[in-house]
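Chain IDs A, B, C and D follow the sequence of writing; residue 1 opens each chain.
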Amino acid sequence: MQVTEYKPLIVAFCCNWCSYAGADLAGNNRLAYPADVKIIRVPCSCRVNPTFILRAFQRGADGVIICGCHPGDCHYTSGNYYTRRRMATLFSMLDFLGIERERTRVEWVSAAEGAKFAATMNEFAQKVAALGENKRLEDLRCKK
Amino acid sequence: MKVRYFPGCTLKNRAKDLDTYAYRSAEALGITPEEIENWQCCGGVFTTARDEVATKLASVRALKDASDSNLPLVTVCSACHNVIKQTNHAMQTNKEFSDKVNRYLEADGGYNGEAEVYHYLEMLRDLVGFEKVKERVVNSLKGKKIAAYYGCLLLRPHKVMRMDDPENPTVMEDLLRALGADAVVYARRNECCGGYISVESPDAAKKNANAILENAKAAGAEMIITACPLCKYNLVKNGADIPVVYFTELLAEALGVKGEPNET
Amino acid sequence: MQRVGVFVCWCGSNIAGTVDVQAVSEALKNEPGVVFSANYQYMCSQAGQEMIKTAVKEHHLTGIVVCSCSPRMHEATFRKTAVAAGLNPYMVEIANIREQCSWVHKDVTAGTEKAIILGKAAIAKVNLNTPLTPGESPVTKRALVIGGGIAGIQTALDIADAGFPVDVVEKQPTIGGKMAQLDKTFPTLDCAACILTPKMVDVAQNDKIRIFSYSEVTDVRGFVGNFDVTIKKKARFVKEDVCTGCGACVEKCPMKKIPNEFNLGMDNRHAIYIPFAQAVPKVATIDPDACNMLKNGKCGICSKVCAAGAIDYKQKDEIIEETYGAIVVATGFNPISMEKFDEYAYSQSKDVITSLEFERLTNAAGPTAGMLVRPSDGKHPHTLVFVQCVGSRCESCAEKGKEYCSKICCMYTAKHAMLTRDKYPDTEVYVFYVDVRTPGKNFDEFYRRAVEEYGVKYVKGMVGKIVPEGDKLKVQASDLIANKQLHLDADLVVLAAAIEPDHSARPLATMLTASMDTNDFFTEAHPKLRPVESPTAGVFLSGTCQGPKDIPETVSQAGAAASKVIGLLVKDKLTGNPCVAIANELTCNGCSSCERVCPYGAISYLDKEFRMPDRTTKIRRVASVNPAVCQGCGACTVACPSGAMDLNGFMNNQIMAEVDAICK
Amino acid sequence: MKHNNDLREEILRMSGVDTAKCMKCGKCSATCPAYDEMEYHPHQFVGMVEIGEIEPLLSSESLYKCLSCFACVDRCPRGVAPAKVVEAVRLTAIRRQGANHMTANDVPLILETDTPPQLLVSAFRKYTK
């Protein structure tokens, strides 16, 4: 019997100024992380609407991570503070709905932290993979 | 307050002074040291090889005892302190090692580095406070020029020991000042005296010990204090012409609890 | 739905090495809206861009997806291509299949699969793109330079030379910075003061330049073209415009045992002081922590002796608010503290000094009038030991020191060693080094002269321990070439301390929303192609705040930053970013949620008349975004409870389409 | 020159040291209090293990001269920990030979009335299996 390795699907929202640049730096330095991670560029982490995350989980994402500038370093001065508060609320609601805490995360990655970006993605992907497939919010109505 | 106390092999014979005066001073400062029952020798040195297990078990037993009794573990001898702190750090950070140890010990609940380890000097600084020590002094050492000798084991490796600045330590100087003495600062106070190599190359140990003594004397020291029986042995054996005493003896004297001397 | 063209770049082997580009362009051919798909070796090249233009014309494309390197690299390039092909520049989307795919994945199957998905997401997004037109905003034709060292001075002079007004903010009582403290400069050995002080005078005399000395930037708001900056001018208790700098007050001040910062504490100054003879502005400053009059009202001598009547004990901090079109950061560096390196006995002996202290000790205007003597006993030193790399090139987890090379130490140490041997031929001079790094014009020749002509003894190895004993410093070191441990009795030891960014840089970066690296050096917009610009538009970098540099490099960068500022200030209008928030007036209920989260105050409310379905009219309060002020963060889009707020370029349906494309 | 990669890997594993981090500044040897006793010095232990030239170290008396005082560990700018390399080589020698550098028979020769037990315990732990 052939066993195919389970590959999680991970969506990463990265702010344009810090984390997206951090991801680029990880690339410049050839720091590997799993191809399961797909990045969506947003101007600021505070642009991430909770509905984007719900939609991702509904369509079978196994983990969602939001990366922004470090507190105090937001390009828009305060966007990441909104993110922090909004996501704390959202994640606890998701937890209540059965989306484990380990499947969601907010991480601060600066433009200079390529190594941190790769390490974060490796660790997050590993944790999500350990949880297995997300069935809880997978809603067939969202699929074509 | 109570603490668990690990004396170590040498404190029960050649270094009784270190032990006795540690007890008496602690009690005078409101600390009750409870000696761990059936403690075993720490082994004298921490083997840094990550795959060495057997040589570190005695330390884990002492740590487990302290952790079970929910009390800080206090040691006085520099070597015991070094071995026990390094072992505790390995239990906290090296999973492979702690798994092996726990399988071997089969202790209830296992042990993963929960105990807090204090050197007696750290206990004075962090649990008692030098201000309080100062208040309790009855025989001030005013006018005495005393040099603290740290040696190697007390401070290094700094990442694990976290006791003081490894290049510019102050804990013993602060104690000396609390006791009223003039602390003599000299550069070789954190250089190795030659340690156990005095078995293998006595001449090398002599050279190191002399350099330390000369440096302390040049800085004006009239007396040297230490926390390590081996340091004291090396310094005295290699011709110290100023007194070398354990810091606990000086502490007991200042606190007025020195009492009768030991017979050795 | 657009008519989309997909262009997959190989980037030589950078992408094609790990991603099957042919498979990607094939797979994307059948995506919704795609009418053309191709791949090419270098999409950003002239030929690649021509290929895009031709395809737009031939296939009547309305949207372009380029699967290539990061949009941070070439988005602007491909937008220009789109314009050249007659499209709106915002009809271009980039799928980042290099930095975020081929470079981080090793497996071709996984890499190709991911590249296809990223391409699909970009196609899904571009299908929903709409043409955008940027707004315009005015430019305030005035620049701010923060820091008055050689970097700030040069930048200010160059900007002023082009005819624009410049303000220089310096936190010390005088401009001049570190260079003013130096004795000679390598590799030409010209005197630092001789080349710096005329520039300081130029700054003072230039009618386009205002100097705010003894001042700090406390707040920055706004954005490129219009930064609203608050500057705190600290009370110096001397009226700057009245003081003549005669120094009578300094002579008579009874408080004369205050460690002199300018000489790094190696001598004393008075409570009222002028840092050095050529200070600019040359006015006195009262140190409020040392002055008896200010502390307890007893004294007042300086006021009595001041013929000009410049002393004002009641002076208060002054707050200045000014608008600037551009800001240049030139906050400079400091040597790191030697506190954690006491194996070198810096805290134990006065005769162990840092290189900057050595500069003062050999400077004719320094505490010893240029006589090289031991700080402890004033005796002439015979054996000198220089230790390089103290705190530089330390591993990050070593808990002391810095990971980077401080760059300037090798050369200034060679200079110190050479000058010592030149002036005092009776000395023996040792330099302990890990590597001698001399990449620069005439640098290696300079170092070799120190060895060959001046007899400086360079030893490959480090010093391990310094023991002060008697009046000697016992130096224990290794000579790796001879494979020996050396024991030297030195009279003076000089530590080449690593340099670090000034501590004021971090809070400033936060105010400017300019990013920093892990060492607190400011980050460039691009390390190679935009080295003097910060990623934040309108903020430029000059000197060591960006990384270790020597004087010639600093001056070149200062000029480069100035030219960037001039390029900005000559424009009357700036093209803005069209990716701003838009309010849907039909669904907005006027609740003010968006207004509360907007960091720029870009949202206001209008009372607008609406025709209702029943043909009546109704006045409703609706949000309105000022596109010139909005910076496009998108905070409002999430805060809006009715979904009326959206963000151009990153619309809700666009991001949702990307999510859908990725999660299939 | 014989390069022993397996042995090199084993020593790196035992010591937990990454010898490639060494920038060859020599601060370990500059700070070593047992330098004069050693045939191979701390920086050479690091350098020779890095290139797999371990046999000469295994048979050198230098193994028994290191004081484990950790001065080289704390002062190394690169976090290399030469003392841990020396210890790993020493243990390899002792484990491999099955021969101890010191035996109980040696004790009476060195024992004096004031010898602290700590000295004997440490020496035995360092020098025997």
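Throughout what follows, contacts are C-beta pairs under 8 Å (C-beta built on N, C-alpha and C of every residue); 3 or more make two chains touch, one makes a residue touch a chain.
Worth saying up front: this structure is predicted, and the values here are computed from it rather than measured.
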Chain pair with more C-beta contacts, C-D versus B-D
B-D
Give, as an integer number of Å, the spacing between the C-alpha centres of chain D and chain B.
24
Separation of chain C from chain D, taking each centre as the mean of its C-alpha atoms, in whole Å:
46
Starting from the mean Cα coordinates of chain A and chain C, work out the distance between those two points in Å.
30
Please compute the C-alpha centroid of chain A, do the same for chain D, then give the distance between them in whole Å.
47
Touching two or more other chains - residue numbers and ranges from chain C:
343, 465
For chain B, which residues are shared contacts with two or more other chains?
158, 167, 191
Checked against the stated definition, the touching pairs are A-C, B-C, B-D, C-D
Quick one: in the complex, what on chain C touches chain A?
70-73, 96, 98-101, 103-107, 110-111, 113-114, 117-118, 121, 509-510, 513, 515-518, 523, 535-536, 579, 597, 599, 631-635, 637-639, 647, 650, 652, 655-656, 658-660, 662-664
Considering only the defined contacts, which chain A positions touch chain C in the complex?
9, 11, 17-18, 20-21, 23-24, 26-28, 30-33, 35, 38-44, 46-52, 55-56, 59-61, 69, 72-79, 82, 86, 110-113, 118, 143
What part of chain C is in contact with chain B in the complex they form?
339-343, 345, 347-348, 399, 465-470
Enumerate the contact residues on chain B facing chain D in the complex.
8-10, 13-15, 41, 43-45, 47-52, 55, 77, 79, 151-153, 155-158, 166-167, 191-192, 194-201, 204, 207-208, 229-230, 233, 236-237
For the complex, give me every residue of chain C touching chain D.
343, 389, 393-395, 397-398, 401, 434, 460-465, 476-480, 483, 485
